[in-house]
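Going in written order, the chains are labelled A, B, C and D, and every chain counts its residues from 1.
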Amino acid sequence: MSKPAKELVNELIVANHILFDQKIVDAFGHISVRHDKDPNRYLMSRHLAPGLVTADDIVTFDLESVPHPDIGKRYYSERFLHGEIYKVRPDVVSVIHCHAPPLLPFGVTKAQLQPIYHMSAFLGTGVPTFEIREKGGMTNMLIRTPELGKALAEKLADKNVIMMRGHGATMVGPSIKAAVYRAIYSVQNAQIQLEAMRLGEVTYLAPEEAELYEKYSGEVMARPWALWEAEIKEQR
Amino acid sequence: MSKPAKELVNELIVANHILFDQKIVDAFGHISVRHDKDPNRYLMSRHLAPGLVTADDIVTFDLESVPHPDIGKRYYSERFLHGEIYKVRPDVVSVIHCHAPPLLPFGVTKAQLQPIYHMSAFLGTGVPTFEIREKGGMTNMLIRTPELGKALAEKLADKNVIMMRGHGATMVGPSIKAAVYRAIYSVQNAQIQLEAMRLGEVTYLAPEEAELYEKYSGEVMARPWALWEAEIKEQR
Amino acid sequence: MSKPAKELVNELIVANHILFDQKIVDAFGHISVRHDKDPNRYLMSRHLAPGLVTADDIVTFDLESVPHPDIGKRYYSERFLHGEIYKVRPDVVSVIHCHAPPLLPFGVTKAQLQPIYHMSAFLGTGVPTFEIREKGGMTNMLIRTPELGKALAEKLADKNVIMMRGHGATMVGPSIKAAVYRAIYSVQNAQIQLEAMRLGEVTYLAPEEAELYEKYSGEVMARPWALWEAEIKEQR
Amino acid sequence: MSKPAKELVNELIVANHILFDQKIVDAFGHISVRHDKDPNRYLMSRHLAPGLVTADDIVTFDLESVPHPDIGKRYYSERFLHGEIYKVRPDVVSVIHCHAPPLLPFGVTKAQLQPIYHMSAFLGTGVPTFEIREKGGMTNMLIRTPELGKALAEKLADKNVIMMRGHGATMVGPSIKAAVYRAIYSVQNAQIQLEAMRLGEVTYLAPEEAELYEKYSGEVMARPWALWEAEIKEQR
């Protein structure tokens, strides 16, 4: 089995720290990346707060979310949501799961997260809500089995972001940078939308506007990453 | 009289600093822990802002909230709420009292704090509100007597969290880590719930969902604590 | 003319820094203290952001708000509000003027700031609103003359806090520590009240509850000050 | 071609860092200043997060937003909004474009940003909203052509601040300090107004009050700048 590129592992560690620094995750939540040498594997930290992750904590999982090798540590109980999404979404290179507070209201009410500005144009294709009761009945809310992971991946379908009722949200992207960008601007969008909705009718981006910006957005992905990375370095 | 374990005293000091760092307490509020060698005693700081507590400030109290020994300093005037809860709740190992702003609205209106996500499943058994006027009539709002402490403990009954009208909240747990976790996620839940309630009807965790997560939650208590402890160390 | 005690000047400087650190003032706003040797004089910084004040910036003013000596620098244009309050309120030892955002809504709407918890019991005697148009007609909103200062002092009457429409707020106290405490907990109260009012009817402290806590509050004034002072020292 | 004064370049760099530190811009947004030797040129950073800008990144553009010299780097795609405003507004010396979250609700609803206190008296002449669809139909929302820049400048007319639907805001001033001041207090005003509007009818500054303060405001522009500059230096 080929080892992942050192740069990819490093980018995953930086992403963990950025997500914590930007308040997308607290002690809970996780980010994974598809293995650059083997599309049937992915990399993710062992069970640990993202802000504390180092190179020694990165583990390789197959798409059944079994670790190779098993380093004898505890793993995130919800790793199945990562594996099951990678199985059905060959376009996805990185998956983030979080409980960021501004997103939660959109999973427990009928309000829909919608793109309020160009920065969150990736929301323009829709944001479904996963109701775990549909598949699992009464549960402890966690995606702790391949079956629940599969149900989540099905509900996500071809979208970029999904709300999880009474739990949090999951976002995917074609790169670590894109997934982190989507997590950060989903939260930003949620904060703005919560305020805007109280002022009366809101004009969201038209689907065509969102689509046009999305085509362009890849061009500016490096600019915020450079800043977010500089910010975590300042703290060390 | 046996001395408490050094580890327990240290954990109590760390908890004081975490509660301040996480904005659960400001200069006011306090945390206690039951003595590990004597269930009829508890440990708590003398009258001091939690963020400034050191080992020299930890005092042992009996369940009448009398210090042993009296170190000749001033003590928290509301220590009776700790003593009276320990008397009637043998399962409780740690008690926190705070005035965290997001919790206050739930004590002065008819709105009920309810579990909006798995992280605050401990709210699923209900959150009573203590109205000091019922027992004390017109007071200065403080739990400054054993009688008022007893009335609060009675209202708390077998719950984990209680709101105090025009004052703050009190939370209990089977360990320092659990009590701190409950304080932090009560506040998080309050912030999310305040936003969600404005969007229309809210789906809270079903009692069964809350119960299922609560059974599991002990397994993840060490993860946030490691992060919170790292955060206070960074600041020193 | 006797010099003020060094301790008083130092406390005034610390208060300036605390007010900035606690976000009560930004570059604007000011705090003064009555001269300890001459009740007809008061001390305040020259025209400067409170967060930058040092001992060299403290100036002595008479109650007409004329500097003695004039150090040849610019002074706060609104110093008259300080002088005029000291004239008619012999009980007042310190005056703070600020534009803290959470207070502003209570000066431009019919909503009244009311004590939502014991920490802000000092609001229990009422919070009047100063409408500058009543005395000054169309102005630039500033209290730039003795006449406007006098009108503000009259509206304040025997209260502790006053809102100023389209401008900010002013609070007074029997010591620097008390005035700073009132500024900080007025803002805290405003934040909590803004949230609580959206949940339906709010139970505020009864006048008697507020009065009972106010009698007691002097006993706990040193505790938050010790923390706030420690926090500004950490930053240096 | 004459070089710009070193002091001006330095002030522009400081302004970039202040705007980031005060959360007016994140990785996106930009500030420009008219060339002090040539009114038909302006200075702005190359494509970079404002918080990371250094002297080497400052580029000179003509009013067609063509760089002189072209340093072979990427430039902000929206630089045309700067050039087109300088063309028609000889009074404008500095232009800021940002996506500050509190401003966004005022661009996507019928709510109008209005001066809630003297600090934002510059809003008193009105805040128009730019609807890009009027000129551009379905776009990616960006001001990426001289035509769109011209349309924005026309909508801005003689005002100080303009909202951009689904995008952000732009503010102008007679100096860098004034433009930065307007950006910061536009955001502050938005935050306060969002809260005040929920409490019922709001009394905004009368046009005459706003005008009277605006005449005076130049006198206090140096005070906040000194503080903001001190704050960014502390972080280094």
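We adopt the following convention: contacts are C-beta pairs under 8 Å (C-beta built on N, C-alpha and C of every residue); 3 or more make two chains touch, one makes a residue touch a chain.
Because the structure is a prediction, the values reported are computed rather than measured.
Colleague: Any chance you could name the chains that touch subunit B and subunit C both?
Modeller: Neighbours common to subunit B and subunit C are absent.
Colleague: Applying the touch definition from the top, give me the chains sitting in contact with each of subunit C and subunit D.
Modeller: none
Colleague: Which is it for copies subunit A and subunit B: same residues on both faces, with over half shared, or different residues?
Modeller: Different; most numbers are used by only one of subunit A and subunit B.
Colleague: Among all other chains, pick the one whose mean CA position is farthest from the mean CA position of subunit B.
Modeller: Centroid comparison gives D as the farthest chain from subunit B.
Colleague: Express in whole angstrom the distance between the two chain centres, defined as the mean CA positions of subunit B and subunit D.
Modeller: 46
Colleague: What is the distance, in whole Å, between the centres of subunit A and subunit D, each centre taken as the mean of its C-alpha atoms?
Modeller: 33
Colleague: Which positions in subunit B touch two or more other chains at once?
Modeller: Counting only residues that touch two or more other chains, subunit B contributes 198.
Colleague: So with touch defined the way it is at the top, what topology do the chains form here? Options are line, ring, star, complete, other.
Modeller: ring
Colleague: Each pair of chains that touch: what are they?
Modeller: A-B, A-D, B-C, C-D
Colleague: Using the touch rule from the top, collect the residues of subunit B that touch subunit A in their complex.
Modeller: Touch list, subunit B to subunit A: 115-119, 121, 188, 191-192, 195-196, 198-206, 208-209, 212-213, 215-216, 220, 223-224, 226-228, 230, 234.
Colleague: Write out the stretch or stretches of subunit C touching subunit D in their complex.
Modeller: Those residues of subunit C that touch subunit D are 26-28, 47-49, 51-52, 99, 101-102, 104-106, 108-111, 138-142, 165-168, 194, 197-198, 235.
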